[in-house]
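Let me begin by presenting the structure, written as structure tokens, before commenting on it.
We call the chains A, B, C and D, going by the order they appear; numbering starts again at 1 in every chain.
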Amino acid sequence: MKKFRICLFGAGEMASTHAMNLATDARMELAFIVDPSAERAGALAAATGARVVDMDSAFEDASIAAYIIATPPRTHADYLQRAAQTQAHIFCEKPIDHDIGRARACLAALQGRESFVQMGFNRRFDPHFIALKQAIAAGKIGTPEQVLIISRDAEAPPVEGFIHSSGLIKETAVHDYDLIRWLLDDEVAEVYVMADALINPDYLTVGQVDTTTTTIRMARGTHVTVLNSLRAAFGYDQRLEVLGTLGQAAVGNLAQSQLVLSTHQGVTGEKPYFSYFQRYAEAYRAEIMDFAEAVATGRPVTPDATDGLRASEIAEAAMLSVQSKCPIRL
Amino acid sequence: MKKFRICLFGAGEMASTHAMNLATDARMELAFIVDPSAERAGALAAATGARVVDMDSAFEDASIAAYIIATPPRTHADYLQRAAQTQAHIFCEKPIDHDIGRARACLAALQGRESFVQMGFNRRFDPHFIALKQAIAAGKIGTPEQVLIISRDAEAPPVEGFIHSSGLIKETAVHDYDLIRWLLDDEVAEVYVMADALINPDYLTVGQVDTTTTTIRMARGTHVTVLNSLRAAFGYDQRLEVLGTLGQAAVGNLAQSQLVLSTHQGVTGEKPYFSYFQRYAEAYRAEIMDFAEAVATGRPVTPDATDGLRASEIAEAAMLSVQSKCPIRL
Amino acid sequence: MKKFRICLFGAGEMASTHAMNLATDARMELAFIVDPSAERAGALAAATGARVVDMDSAFEDASIAAYIIATPPRTHADYLQRAAQTQAHIFCEKPIDHDIGRARACLAALQGRESFVQMGFNRRFDPHFIALKQAIAAGKIGTPEQVLIISRDAEAPPVEGFIHSSGLIKETAVHDYDLIRWLLDDEVAEVYVMADALINPDYLTVGQVDTTTTTIRMARGTHVTVLNSLRAAFGYDQRLEVLGTLGQAAVGNLAQSQLVLSTHQGVTGEKPYFSYFQRYAEAYRAEIMDFAEAVATGRPVTPDATDGLRASEIAEAAMLSVQSKCPIRL
Amino acid sequence: MKKFRICLFGAGEMASTHAMNLATDARMELAFIVDPSAERAGALAAATGARVVDMDSAFEDASIAAYIIATPPRTHADYLQRAAQTQAHIFCEKPIDHDIGRARACLAALQGRESFVQMGFNRRFDPHFIALKQAIAAGKIGTPEQVLIISRDAEAPPVEGFIHSSGLIKETAVHDYDLIRWLLDDEVAEVYVMADALINPDYLTVGQVDTTTTTIRMARGTHVTVLNSLRAAFGYDQRLEVLGTLGQAAVGNLAQSQLVLSTHQGVTGEKPYFSYFQRYAEAYRAEIMDFAEAVATGRPVTPDATDGLRASEIAEAAMLSVQSKCPIRL
């Protein structure tokens, strides 16, 4: 059986997750790994049977059916543009680029290949959120009116470690901005964000905030609220609920175990999962399986590069709203 | 408006609860209180506007429409028999008598007044259990097959304080034995009980056990399990679930507040209520209101003295099963 | 025992609720009822033993210890100002007046009696919300950072029936604006509201909206989101959650029964209560008991007229935000 | 890297599950598949890269490090005895044999290899039950007093399809009998079973029952109740709870999705998983990984053949109790 040869850029935790998940699809063969750290690349190659190559070799090998870009954000656009010159499928972690101008330029350069570039918005592949979207599609709650997304990390990074981050809005909230477009099949019309450093005011010294409350009006009028925070002390807090004309659909947090202890201290269930690798393990698997299916069948992908740009544009408007202290229309 | 005059035997916590609940029915007038403790009787009389009288006066006053017997169990039969000679309605805390022979004799002496003697099986009036019974009646779960009752006190009494008790089966499980007859509209055919002193082996020194597991086969075949214990460290543990051909109906524990705390220690809800006065507050109110309605309209009551005897007979068989280490047929 | 004589303005559902709850405090005597509908006033008088009088008699009787104003909102200010000329305690349903200018004038006219005028913000007396506030005070979740209030009616009124309403913000959200001040012991610094008619666009024809999303920044920085709607098809949706530095405290919806049915259709619990009279029954009782205690002891009340004005001012800013499409600073 | 060569007996759903799970351990190599159905064996071989061989070849190949027996129960003992003559590790689905005499003889024939024969009691590897056991070990609930196991299939088999089954006790309850030994680190002292055909009386015509209620007293006194049924219409009903001196630990049902719908019909969550392959997917993976670890390191296994016999002996006593209508001591 001829296998589809994959080239992976990156060898960190995200890249490894994709490599391991790919290994369960017998049609796919992880052929190349490209990473500046020879040690890290070598380790992942050893574990997967792939070969470590340099970037040029990776792009020159015409047998590569797909490129997966799981490198630091600032490098995405370069890889993307070069990969787009091949006829291979591309999977790219978000964002295209944190600079909206560069992101737009990159998208323009894709020249018709946009729909063969899958963006790593993993939440779209979470089975729980999919069940919620299907419930809406099945008319279970009527027309959506008011949506609530809660999306908080479990542990805030040290201030110094957050200096070079693109920040809470572009790193985290952007996932929720994409989620809402997908969930409601609708576009964001207007966004207002309140942003503060409530966990630690020192974040302000490096130009960052730790708590944001986003209010969105969709094109069809639906209200959306997104609560983001760098820290929920009880775990990675990922919830979604939609009020519609006929009722409400909601997905709460997930925990590693169902154990409930009842003692004189109360009735206590497990904390939610701590990290996104745990909470979204199934989603990461499903998204790369979906990409593999596109590679194997030659079909376009979803979410694609255009979706990636749209989410970035909402994030850009959100940043602008913080500065202007007013809602921004898109 | 002519009021229905009530005479209350007892002035303890149970008697006071009935008095307070009765006060909210404008048709009823708590006329007399009879209790060996003048102080306790006086206090309750002061709070309710009733008059303290002796037993003979209480029974001789032809204006009394109803007697409520909320005294220690060993005195019930005497009060019952004497009250049954009037035409008044009677409300009697369970049991008729802890001695099954005396209970039977007492019932015989009621001579046709059985259905005007309401027994204090408060669980029948709990709105949650009623909702469950109605769900069964409405066919929501089909025909009952397997029933589970969990009924545990929050705090075990000191060994010495338990010497004169009639014990876990006759004090507590008997409530569940009555509950199951009412819930399933069926009779107990066979009962097997495993009884031990697991909380404190010293209970055995006063002839008591603290943990019982009862298995019942109903006349129509339904399996019933009753888990009783003198102590659930997290609160008064009162649960009921019924598996039927089409599904399951269940009532879990109730707590004073809906507050849920999520911290690094877990996701913690309130403990269940601690006492039966809290957990069954609504049931106590509803049962005495139902009795008042019977008094006001002259109709018979439910559960009546015959139900009281039936529950005692099941408890008697349960005791016998513990001794014989085998199931007992009724 | 000398009783404290109460005069009640109004004889509708709210007034009746207060009357019934007051009846359980033996120190209080409902002396007068004042209502334009002789029939309604007479019925409530008959049920409570009070006397129907006209307004002038009510205010001229020096024996009245407290006035309770449970009439339509437009009449509150007049009653309040007149009652404030006596030395009686006053309980007044919110608002002081829907016109913020009149409300301010009324407060000025109280001349030092503000803290003897209790406003009917019942949510402050809900035992679940109190448990949440106590958990914060006890340091269970650290410093509040992000608060979410969901407050939706179960059933939207017909458009024509909503013409004379002061609307979703002033009728409903104002309760939540007061709640947040009490919960956080902090003032609202800034409010932004997105308001639309999503349930029924015809509401716009009578100048009303049915769905609002309010974003608040408190003086100490805490973010607050309030989701209001005229309709949650599954019941009166009343939830509250607070994320703090150490975790989260939350109160969910309450239902009439704990019954859970598990069938081929899923695992189904009861809907939340349908109306505020059901959901907040305990809160209504507690608030009037607290008022009675203030009357009996002569102490000031909480929330008082100043709190009433504050909540109205936030609502006013919220209305302004809707018009200006920008956040409003208070 | 030298791999450990595995031989798999059986090619049905259980065998396939083991094969797929084994494939994720790079140290293991599925070498042989033995199954009377050439077609089925061939399909699994194709999917896994194994070779189809006959039984004799399988036992004669000295390179085999482990045998996995996932064939119909009546064949287990033969395979076991023959495999035990090699020095290979053995994994055997329960039971050793449904006939207790044959099971005992088989165990005797193992001659010291008992602890290298792992029995397929998958529930011991369920992460939720493990969390519960760890909570007990950590002293979270004190000493266990009263245990409840609910273990019901989702769908009852047709009567004719159940003729050759060893029945509800030996097929299903035996899992729970093993579970309780493991959970409590204690032995069963006494067992009483009530067994009936309540779902369909026709089961009696083929010598089967569909509903059993088992009451167990452990050697250290703990009470255990096991509720088994061939059908819970809402899904595969697998629950476990333990009351101890300090509180309770419980594991409820698991569902495929966290979606909760709130409509006029109630607040509805997903049904529990439908099958054991879904509910115990993680447990099946973990048990075979644990076996692989034993193979790779040469260590003994748990639960072993002795555990297998013990569970069968409890099941045998349970059957006897049904016949004798009395508790049976072990």
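Observations on the structure shown:
Keep in mind that, in the parts below, a contact is a pair of C-beta atoms (placed from the backbone, for glycine too) under 8 Å apart; a residue touches a chain by one contact, two chains touch by 3 or more.
All of these numbers come straight from a predicted model, not from anything done at the bench.
Set against the C-alpha centre of chain D, every other chain centre is closer than that of C. Between the chain pairs C-D and A-C, more C-beta pairs are in contact across A-C. Chain A and chain C have centres, each the mean of its CA atoms, that are 42 Å apart. Between chain A and chain D the centroid-to-centroid distance comes to 40 Å (mean Cα coordinates, whole Å).
In this assembly, the C-alpha centroid of chain C lies 58 Å from the C-alpha centroid of chain D.
Counting only residues that touch two or more partner chains, chain B has 232-234, 246-248, 261-264, 270. The touching residues of chain A, counted against chain B in their complex, run 232-235, 255, 261-272.
Across the complex, chain A is touched by residues 142-143, 145-146, 148, 150, 152, 192, 194, 196, 198-199, 211, 213, 215, 217, 221-223, 225, 227, 229, 231-234, 237, 243-248, 325-327 of chain C. Only residues 24, 127-128, 131-132, 135, 140-141, 246-254, 256-264, 270 of chain C touch chain B when the two sit together in their complex.
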